[in-house]
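For reference, the structures are reproduced in the following blocks.
Look at the two complexes coming up: chain A is in both, with chain B in one and chain C in the other.
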Partner chain A sequence: MTKNRYYFWLILMNSLINIVNFVPRELIDGRFTGAQASIPLAVAAGTLLTLLFTAVIRKFPGMGVPEIFTATLPKFTVPPLLMVFGLLWCIAGLITLLSFVDITLRFISPDTGPLLVLISFLAVVCFSVRIDSHSLLYTLEMMLGISLPLIVYATIKAVMTPSFCWDSVLQTFTYSLHAPNWHSFLASTFSFSGYINLAIFNRVFQQLKLKPFHFVLVALQGLVVLLLSLFVPIGFFGTAAVEKHIYTWFSTADSIRIETFIIERMLFIFYMAYLTLSLVSIIIHWHVGKELLLSLFPAPKRKAAKARKWQEASILAGFCAAAVILMRLDQYELNTFGVIFLDVRWYGEIALLLLLLYCYAVTRRRSL
Partner chain B sequence: MVEQRHKPGVSPEWIQEQLSGFADLEHRKLQASSDEAELLYIKSVTDGQSISQAVIAPFYEMDSGEAYGAYLGGLPGSHTEVDGKQALELMLGGSACIRSGSRIFICELPKAEAGAVRETVTESVSQGPSDALGEDLTVNLNLIRRRYQSAQLKLEMTVIGNISRTKTAILYDESRVDHRVLAELKERLDTLQIDVLQAAGELDKYISGDKVRIFPKTIVTERPDRVVFNLAEGKVAVMLDTAGYAIILPAIFNDFFTAMDDKIHLPVVGRFLKLLRILGVVLTLWLPALYVAFTSYNPEIVRVQIALLIAGSRATVPYPSFVEVLIMLLMMEFLTEASLRLPRAIGPTATTVGGLILGQAATAAGLVGNIMIILVSVVAISNFMIPLNMMSFSIRVLKYFFILAAIATGLVGVVCCLVGFTAYLCSQRSFGQPYFKLFALESAGSGKKGSGEK
Partner chain C sequence: MRRALCGIIALLLLCTGCEYKDIDRRIFVVAIGIDKGQEAGDFKVSLKLALPQGDVSKNEEKMQILTEESTSISEALRRMKSRVEKELDYVHCKSIVLGDGLAAEGVGHVLDWAVRRRDMQLILNFSIGRPNALEVLQVKPPSERIPSNSLIMAMSGQGTESPFITSVYTYELMRKLYEKGIDPILPIIEAQGKEEFLIDKIALLDKNKTRLVLTADETRLFNLLTRPNLRTNFPAYVQGGMYQYYTESSKSSYKIEIQEGEPLIRYTIRIKGIIEENSAQTEADQKLLDEISASGAEELRTDVEAMLSKVQKSGLDPFGWGLHYGARHWNNETEMEIWERLFPHIRFEVDAKVAVKYSGMIK
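So, the complex of A and B:
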C-alpha cells in the first residue's frame, strides 16, 4: 500500500512551493515588525495542525472528505461545504499557476505570449489532474527526486557565495524580539499546509502510521525552509533593498553565478526545478479541488466512464476559464490576491479541522 | 538379486503429484502379455529417442518383468535407492521414472539442445551465455527447464489463433508468481479472438489492453537467462511456437534498463553501466529539444561562449533551428531504417554514404551546423544503449514530442513535456503493477521475491 513517505512528500512540496506563493514577500514585509518571531510560532501552530488533522483523518481510513461529510453531516450542508473547499483548492492552484506564468514571462521568455505559456501549463495540468491519486503521488515523488537536489544545490550555493552578506542577516535578527506579526504568521503557516491535501489523498493512505519523530521532521523542515526563504534574499539584497523585488527568490537566484558549468546563471536551474515542482503542486491542488467538486455531482450508476469524463471536463474547463480570466490581474493585484488567499486559507484549514473533529464525534456517538 | 524396497513415498504417483501443473509431463503405461510397467518423464528435458530405444523397446523384448528390472538396474545412470528430493532433482534434470513390478527405477536420459540453438542477435552481452531462444517451442522449453530446475516451475499450454493455431506455453514459478497477474493474463488470452499470431511482440500488443500506448508493458526477449531471471522474480513468461522470442510480464519501466550482464560485472561497474543507460535516455530525449530551445528561444541560458559557438556554427544555416533538427533527425532515422533492411553486403555502403559523405557535405554546404551533426550522432548512439529493443524504439519516437514542445514554447515546453510524460508514465499499470516509480528497484528487492537479484 501507499507508504508513509508520500505523506511527507505532500508536506515538503507545499513547504518548498511557498516561495512561488508570495510567502517570502509577506515575511520580508514584516521583517522589522515581527516576522522573525512569527516563524517559530507558525512552526508550532503548523505542526500542531498537522498532528491534529492527521490524527482525525486517520480515524476514517481510506475515506476522503466528501465521503466523511456525506456519512455524518446533514444532507443540505454537504454541497455548500464541498463547494467552498473545492474552490479554495482551485484558488491555491490558480495562484501558483498565475504567479508562475508571470515569473516565466519576466525571467525566462519575455518574447513568448502570456497566453501561450498559460496554455502550455494548462495542457499539462489538465492532462495530469485526471490521473488517479495513487499515480499522482508517484509523480510527486519522481518530480521531487528531480527538483529537490537542484533546489538544495541552489540554496547551498547561495549561502556559500562570498558576496552573501551575513551582516544584513544578523542585523535582521536584531528585530527578533518584536512581537509577532499576524500576517507573517498566517503566511508562514502555509509552509505546513501540505497535510490538508489528505482531504482527498487519505483515500489511498490505508494505514498511515506516524511516529513523533515524523512530526519533528515536519517541524524541522518547515523551520529550515522558512528561515531560508526569509534570510537568503536579505543576505543578497541587503536589509532594506530586499523589499523592491516581487519574486524575491528568483531575483536571488538570478544573482548567483555558477563558475564551472555550461549553464552560467543559477536562475535557469532554479527555474527548471521550481517549474517542475510548481506544476506538480498545481496538479495536486487541482486534483483535490476536482475530486471535491466531482462529489457534488450524483455518482453515475452504470456506464460510468463517459458521464464521469464529462463532469471532470466541465470542472476542469471551469478551472481553466478562471485561470484565463485572472490572467488580466497585474502584478500588484496578483500579489494582493495571493496574500488574501494566504489568510483565507488559514481559516479554511481551521474550519475543515473543526468539521472533521465534529464528524468524528458524530461517528463516535453513533457507534456507542 | 536382493529385493530392494523402495523408500516409502517415491512412486510415480508421488512424483506426478509433485509435478502437477507440468503440461510437458508424460505418463505412460506399458502393457505386455504378462507384465506391465509405468513410465513417467518430462518431455522437454528428456531425450525421447533414448527413452524409446533404451526403455520402451527392451520392455517388449524381454521375457519377464524380473529380467527387465535387472536390465534397467544395469543401465548407466540408473538409480534405485533415492529419496523424494533426489528423485525430483533427477526428474527435473532429465530422467525417466519407471515402475516395473514393485520396483522403481530412475534413469538419467537427459536431452540437451545444443545443435539447434542459435546465438543471441538482438541482445548480446559481453561475457555471458549466448544461447538464444529458437523458433521451436520444445527446444525453448528445454533451454528454460535446464536453467530452472524446480518443481515449482509450472507450464500450461494453450493454442492461440484460429488459423495459425500457435502453440503457446505459459511458464511461471508457482511459489513466487503473483496469482492475480496470472489470472488476468489467462483471462486476456482466453478472450483473445484472432486468426493469425506469428510473433511475440504481436501478442504483447493484444494482451496489454490499451488502445494508445507509447511504452511497452511486457518484455520481449530472446535470452533464456533473462526469462529464467524474471521467472525467479515471480513474473510470468509466455512462449510461442515459431516465434523465436518470449514475452515476460508484468514489466515495469525499470526492467527495460537492466541488461543481463549487469550481474556479471562488479557491483560498482554494474551500477555505473545502468547510470550510463539512464544518462543515454536523458540525452537522446533532451538534446535535440534543448538545442531548439537554446538556439531559438533562450540563448541566454547557456554560457555566452557556447551560445556564440552555436550561433557561429549556424551562421550559414538558412532556416530556424527546429527545421535543422528535424531534417537531421529524420536523416538519421532513414539511415537506421535503411541499414536494417539492406542486404548485409550493401549495409556498410549506407553507413559510409550517410555518415561520412552526408554529414561532411551537409556542413560544408552550410545546410546544417557542425554542432548539429555532433548532436545527432549523440542522439543516435545513446538511443541504442537501451538493452531492450522495444523500449529503445519507444524512446526514439518520444523524443519528437519533446522537440515539438520545444518548438512551441522553448524551455517551458520541454519542462512541461517532462512533467506530463512523468505523470503519464506514473499513471500506467502493467498488469496491476505501477509502471514507473522512484525506488522501484528497492521495493522489488526487499520483497520475498528478491532471490533472483543477487
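So, the complex of A and C:
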C-alpha cells in the first residue's frame, strides 16, 4: 500500500513550487507591512489545517472526495460542489503552467513562439494526467529526488555568496514587529496546501497514520521554505530594488555565479530543477481536477469503457483551451490572476474542510 | 488516442527550427562599452565581438569592434545589426564599461537597460573606462588568447589576484543604487596604450553618478575592509629600516556605537603576516618581529583612519554604515533620518593588530 511518505512529498511539492506561483511576490510586497509576522501565523494555520484535514479524511479510507460527497450529501448539491472544486484545481495548475511558460520565454528561449512552448508543455501534461494516481505519486517522488538536491544546492550557494548582503536581510527583519498582513498570510499558507490533493489521492492511501513528529516536519519545512523565499532575494537585491524584479527568484538564480562547474550560471540549473517540479505539480493538480470533474459523469458500466476516454479527453481539452485563452494575459494581469487565486484557494480549502467535517458528522449519525 | 498523440508529436517536430539559429549564424558580444555621444544626450555604444574559431590554441585572437552613436542604446544596437552578417548574441557578454564622462552624468539609465534586457546576465561586470569606454575595449594584451578574456579574468579574480581590483556585478550595483544607507562603487579601468590596462582605483558614486575617486592605496585599504583574506603587502618602519610584510590572512569588522549622542565606528582589523622585504638586511629575531608588527599596525591605523575620514567627508557611504545602523535598530520610521543627522559627526577608531609570525625563508 502507498506509504505515508508520499503524503509528505505532496506537501513538499506545493511548498517548493510557491516560487513559481507568485508567493514571493506577495511576501516581498508586504516586507515593510507585516509579511514577516504573517509567516509564523501561516505556519501555524497551515499546519493546523493539514492536521484537521488529515484527521477527517482518515475516517474515509480509500475514498476520494467525490465518493464521500455522493455517499453523504444530498444528491443535487454534489455536482455543483465538485464542479467548483474541480475548477479550482484546474486553475491551480493553470497558474503554474502560464507562469512557467512565461519564465521559459523570458529566461531561456526568447526566440521561441509562446504557443509552441505552451503546446509542448500541454502535450507532456495531458499525456501524464491520465496516468493512475499510484504511478503519479511514484513519479513525484522520483522528480523530487532529482530536483530537490539542485534546489538545495542553489539555495546554499546563494546564501554563501560573498556579496550576499546580510545587512539588508537584517534590515528587513527589523520590520517584523509590524502587524501581520492578510495578503501575505494567505499567500504563505499556499506552502502548506499540498495536503488538499488528498481529495483524490486519498483513494490510494489506505492506512494514513501520521505521528506528531510528522506535523513538526510539515511546519518546519514550510517555515524554512517561506523564510528563504522572502529573505534570499533581499540579500541579493536589497530591501528596495527587490520589488523591481518580476520573477524574483529566477533573477536571484541568475545572480548566482558558479566558479567551478560546467556552466557558470546557476540560472540554468535552477530552471531545470523547477521545470521538472512545475510539470509534476501541474500534472498532479490537473489529475485531481480531472478526477473531480470526471465523477460528474455517470460511472461507466464496464471498466475501460470507450465513453470514459472521451469524457477524459473532453475535460482535458477544456483545460488546454483555458490555457491557450489565458495566454493572452499580459504580465500584470497574470500576476493579479495568480494573486486572486492565492486568496480564493484559501477559502476553498476551508470550505472543503468544513464540508468533510459535515460529511463525517452525517456518517457518524447514520452509523449510530 | 495513440494515433492522435503521434499526430501531435509529428506536428511539434515540424515546428522546431523556425527561429533557432545555429552557432555559426551568431556572433558573440563579449563586452559593451557605452560613452557619451557627440551631441548632448546621445550614446556612443561600442561592441566587442568575439569571432568564434575552431582551435583556440593555434589561431590568433580575432575580434571586431563596432561603434555606433544614437539617441538611445537600443537604437544603436539595432543599427549595428545591419553592419554585421550574423545575429548579435549578448548572452555571453561579461562586462559593461561605462565611459568616464557618462559615469559623471549618471549610470541609472544604463543599469536599467542592462537589467531590463532579458538576455543580459545579472552577473556581468560593471566598470568605468578611462579615458573612455571605447579605448578600454580596444586594449588587446599580447597575453590574451580569447577576446576580452583578460578583462574577464582580471575582474573575476580567477586569474590575477590583485589587491587593487574590485569587481561589481550588475545585481550589486542595482542593490546599492536603490538601497538606503549604502552607496555604489565602480572599479575604474584605465587604458594605457593599445596593449595594457590598469585597474587599481575605484570610483565612489552617489545614487546616480561618480563623486569621488579613491587612489590605488586607498582602494587597497577599501578592499581590506570589505573582503576577507586580501592578499597584499603593507609597510612597517623600524629604526630607519623599511620592511614589507605579506598578509597571509586578514579580516576586518566594525561596530557602530553611539556614545553620548556621538556616533563612533570602531573598526577591528586582524592581519597575520610574513616578512617579504627587509631594507636593512639585518637578522630578524623575536623582538624585531614584534616591533614590525607594532609599527605595521600603527601605519595601517593612520592610513585607514585617513581613508575613512576622506570617505566620510564626501558624504558618501560605500561601506553601508547607514544600512548597518538601520539593520540593528527597530525604529524603522525614524532610523534613517537620525542616521543622516549623525553621519557628519562620525568618529572613527581603528583597532589594527598585525601579527608578523615569520621572517620569511631566512632570519
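To be clear about the criterion, the second predicted complex is superposed on the first by the 366 of 368 C-alpha atoms of A that agree within 3 Å, B and C clash if a C-alpha of one lies under 4 Å from a C-alpha of the other, contacts with A are read in each partner's own complex, and residues count from 1 in each chain.
Criterion: contacts are C-beta pairs under 8 Å (C-beta built on N, C-alpha and C of every residue); 3 or more make two chains touch, one makes a residue touch a chain.
Quick caveat, the model's predicted, so the values are computed rather than measured.
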Q.
Going by the contact rule set out at the top, does A:Ile340 touch chain B (first), chain C (second), both, or neither?
A. neither
Q. When the two structures are overlaid on chain A, which partner does A:Ser120 contact: first (chain B), second (chain C), both, or neither?
A. both
Q: Examine A:Ser168 and indicate which partner it touches, taking first as chain B and second as chain C; both and neither are also allowed.
A: second
**Q.** Which of chain B and chain C A:Ile350 touches, first, second, both or neither
**A.** neither
**Q.** Touching partner for A:Val280 - first (chain B), second (chain C), both, neither
**A.** first
Q) Should A:Phe107 be classified as contacting the first partner (chain B), the second (chain C), both, or neither? A) second
Q) So, does A:Arg265 touch the first partner chain B, the second partner chain C, both, or neither? A) both
Q: Using the touch definition from the top, say if A:Met83 reaches chain B (first), chain C (second), both or neither.
A: neither
Q: In the overlay, answer first, second, both or neither for which of chain B and chain C A:Thr239 touches.
A: second
Q. So which bits of chain A does chain B touch that chain C touches too?
A. 111-112, 116, 120, 123, 127, 264-265
(Q) Help me check something: in the complex, which residues belonging to chain B touch chain A? (A) 297-298, 300-304, 306, 405, 408-413, 415-420, 422-424, 426-428, 434, 436-439
Q) Where on chain C does chain A make contact in their complex? A) 1, 5, 8-9, 12, 15, 18-21, 115, 118-119, 121-123, 156, 158, 169-172, 174-182, 227, 320, 323-324, 326-330, 332
(Q) If we count contacts the way the header does, which residues on chain A are in touch with chain C in the complex? (A) 32, 106-107, 110-113, 116, 119-120, 123, 127, 162-163, 165, 167-171, 173-175, 177, 236-241, 244, 251, 254-257, 259, 264-265, 309, 313
(Q) Applying the document's contact rule, which stretches of chain A touch chain B when the two form their complex? (A) 104, 108-109, 111-112, 116-117, 120-121, 123-124, 127-128, 131-132, 134-136, 138-139, 141-143, 145, 261-265, 268, 272, 275-276, 279-280, 283
